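My questions all concern the structure below.
Order as written gives the chain letters A, B, C and D; numbering starts at 1 within each chain.
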Amino acid sequence: MINKVVSTLAEALDGIQDGASILVGGFGSTGIPFQLIDALFEKDVRHLTIIANNAGNKEEGVARLLGGGRVDKIICTYPRSTDCYIMERLYKEGKIELELVPQGTFTERMRAAGAGIGGFYTPTGVGTKIAEGKEIRNFDGMDYVLERPLKADVALLKAQTADRWGNLAYNKTGMNFAPLMATAASLTVVQVSEIVELGGIDPQRVNTPGIFVQRVVQVGDPL
Amino acid sequence: MINKVVSTLAEALDGIQDGASILVGGFGSTGIPFQLIDALFEKDVRHLTIIANNAGNKEEGVARLLGGGRVDKIICTYPRSTDCYIMERLYKEGKIELELVPQGTFTERMRAAGAGIGGFYTPTGVGTKIAEGKEIRNFDGMDYVLERPLKADVALLKAQTADRWGNLAYNKTGMNFAPLMATAASLTVVQVSEIVELGGIDPQRVNTPGIFVQRVVQVGDPL
Amino acid sequence: MKTAIVETELKPLTRRQMAWRAAQDIVDGSYVNLGIGMPTLIADYVVAGREIIYHSENGLLGMGPAPPAGQEDLDLINAGKQYVTIVPGGSYFDSSVAFAMMRGGHLSMVFMGAFQVSESGDLANWSTNDEKALPAVGGAMDLAVGCKDIRVLMEHVTRDGKPRILKECTYPLTAKKVVKKIYTDHAVLDIDEKGFVVREMIEGLTFERLQKMTEAELHLDPQWRVLDVPEL
Amino acid sequence: MKTAIVETELKPLTRRQMAWRAAQDIVDGSYVNLGIGMPTLIADYVVAGREIIYHSENGLLGMGPAPPAGQEDLDLINAGKQYVTIVPGGSYFDSSVAFAMMRGGHLSMVFMGAFQVSESGDLANWSTNDEKALPAVGGAMDLAVGCKDIRVLMEHVTRDGKPRILKECTYPLTAKKVVKKIYTDHAVLDIDEKGFVVREMIEGLTFERLQKMTEAELHLDPQWRVLDVPEL
């Protein structure tokens, strides 16, 4: 019998080691797996590479990991915001490596990793700093830059609903990167508000089929 | 006001000309826009390039267009089946050009066209006839073949439900290629069983957002 | 002895007036992305009766206005991380679909803010080249490719009077040869093969004076009109 | 005068028996694609109590058995174009997601039919090189990449006795170096660095006789067992 539901956040993160690369879902404050991140902080693994759209606000979410010295490198599209002072400080002090990726390319690189695509040509970033050192190729009169898949050891995600097979339904714009990240990690771990019986999610409403998910943990609503 | 709903099949196909490239949705007999295809047959446009997974059965669907001499070229993954005698005959007589594409590559090429991707590297077909004459490239020890986007002038699709903005919901495995084809054509035309008010499709159940759809026509159920 | 050049007192557009002017150009049935900042104001001034569908790159098509206070949905925000609503006919999808809409050329128009625009349509709106500042690009580069109708809203010059409309951008580029039209607080300009063409200028502004505020060479459309906006 | 070589009367497996044997190797919790033809029979013989999730590349995960006559749903078929059902926990998705599951290596096992397999694991199962025949590839090439555990079910020799297990395939390839295990009507063979290793042979079959039916060199696992299947 397949049962991907684990009882505790600690179990959900079991086996994650120093040096792991970790995809973290969420855009702004929607879809952020805060409880999983907090549990990862408690677990005290280090030298992480974090791959996330944002770098967290105040001392919450990814910012907490950054502030706690857990992260060597961040791959990110928009690490800046009003309350993103930890990332600001670490960056200015040269204490963190930053790989900046345009958001559409970020998304597409994760999709490629999950879909077995070895590389793709995108028009995004051509003629800019982002394309420096990368292959540029012209197809039908238009320039494209070659980008490579972005895969990771772990994905930490948030969804609304799951079942024991790991099928997921997200809520509204809380979905954002999660369906792509789920496919791009060896170990996809999801915190959910609700666990339902098999068949409890309409098969036409499953956003992430369980094949892409390894562990599910139910958490109380953070707010 | 946006209203993509047209009243007749003829209106739905207005402007399609000789020489057009036409994506046709469907897998086996699910998701085939039979009424649109029949109307295209009546319209008597010629020298078409048809891009579809199958070549139709008996004298139905794509087979009807083939039998009527409407099609110069077919881009297809599986043109063969028990009742696919029209395609068999035309092929043996050298009366049709066939470009055979592996199904995952077929899918990915349409997605690339719709997503503005200039090309991608897939492992599918490496070392086979399919890859002959194409660029092979090694990434991280694995060979990939470069494939290019597959776009078309028109897509003819079938969905279950639409609204006047062209939002679509498909039924079960009737979905198959349609969400990708919708993005890859300049003119996407969809036959549906049901038209609902705006908001009548749950925003989390919209399979194809209306931005990818130009015309919708309601048809009686074919069976 | 100084020669006093008496220039007409000008009344540059406010940010809301610039947004109003841009809004007039959105035709019925358009799919539009309004970039973060000033462009988001555009939605307030769309011509009545026109049905416009707003796209937000975090996975939302059919974005509606901000919700009434107290009715914010924590799972419903736009790309600017503001609480929004969804209109009937709207849909949610993952980021790869959101960016396919942009990169694949499915949007009708994109309005963005900018630091600089060059006469070939190069756009600079993500970095001021400050080596010490934390860089952040977000969806800007993706928004700037794909769509065939990319428009910029920006003040004509910087706060300290330096031109933003240039022969070549001095800030790092967001994308090359993409901007088609600029709405500034002084003028409306198109970019075509010969460079910047002035279509509208505010009351009292002369072409010579506008050229002085602009590094790139301007061409005046013989049919140019006064950039006329209501008080807002 | 002819020398009569008396060989033991062999009882090669039926297709259902081959499917039964393959089914025993599917562990609980596997995500499995059963290729068109003989592999689809495997689902009938999975070990009781094991929960297996079937994938169909036309956009279905959690495929269930054929529906009772009269209860077919015209919009619910598998990749073999047969009417099927969906089990609780199943899901529908578009073809790009279906193929991402395959190409991206998310399936646990794939069982396919074949014309030929080579000792390096090359697979030929889509074309017999007949120039006049209409070629058709479907999802075969995609199914043969990505998954790390690709297994073949096929008769050991062709109808006219020609070997299918070869040094090099003579038919056009589906994919190179992908097959890990073969279930034939005479034997079960693994493919590893040194080529074909025989793990099981049917009752009465000798290694020499199996080698005669096989073009490629075989290696006998010292721990080999009798390929024992029930009557079906």
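Methods note: contacts are C-beta pairs under 8 Å (C-beta built on N, C-alpha and C of every residue); 3 or more make two chains touch, one makes a residue touch a chain.
All figures in this text were calculated on a predicted structure; none of them were measured in a lab.
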Chains touching both chain B and chain D, listed by label: A
Farthest-lying chain, centroid of Cα atoms versus that of chain A: D
Distance from the mean Cα position of chain D to that of chain A, given in whole angstrom: 36
Chain A and chain B, separation of their C-alpha mean positions in angstrom: 33
Separation of chain C from chain D, taking each centre as the mean of its C-alpha atoms, in whole Å: 58
Chain D: positions in contact with at least two other chains: 86, 92-93, 96, 99, 102-103, 145-146
Multi-chain contact residues (two or more partners), chain A: 108, 111, 115-117, 122-123, 172, 203-204, 207
Complex contacts: residues of chain D adjacent to chain B: 56-60, 73-79, 81, 86, 92-96, 98-99, 102-103, 122, 127, 132, 134-142, 145-146, 172-176
Partner chain B, residues of chain A touching it in the complex: 108, 112, 115-123, 137, 139-140, 142, 144, 148, 169, 172, 202-205, 207
Touching residues on chain A, where the partner in the complex is chain D: 1-2, 111, 113-117, 163-165, 167, 183, 197-199, 201, 203-204, 206, 209-212
Residues on chain D engaged by chain A in the complex (per definition of touch): 28-29, 31, 49, 51, 53, 55, 61-62, 86-93, 96-97, 99-107, 145-146
Chain C partner contacts - residues on chain A that touch it in the complex: 27-31, 76-81, 84, 87-88, 91-92, 98, 100-105, 107-108, 111, 122-130, 171-180, 207, 223
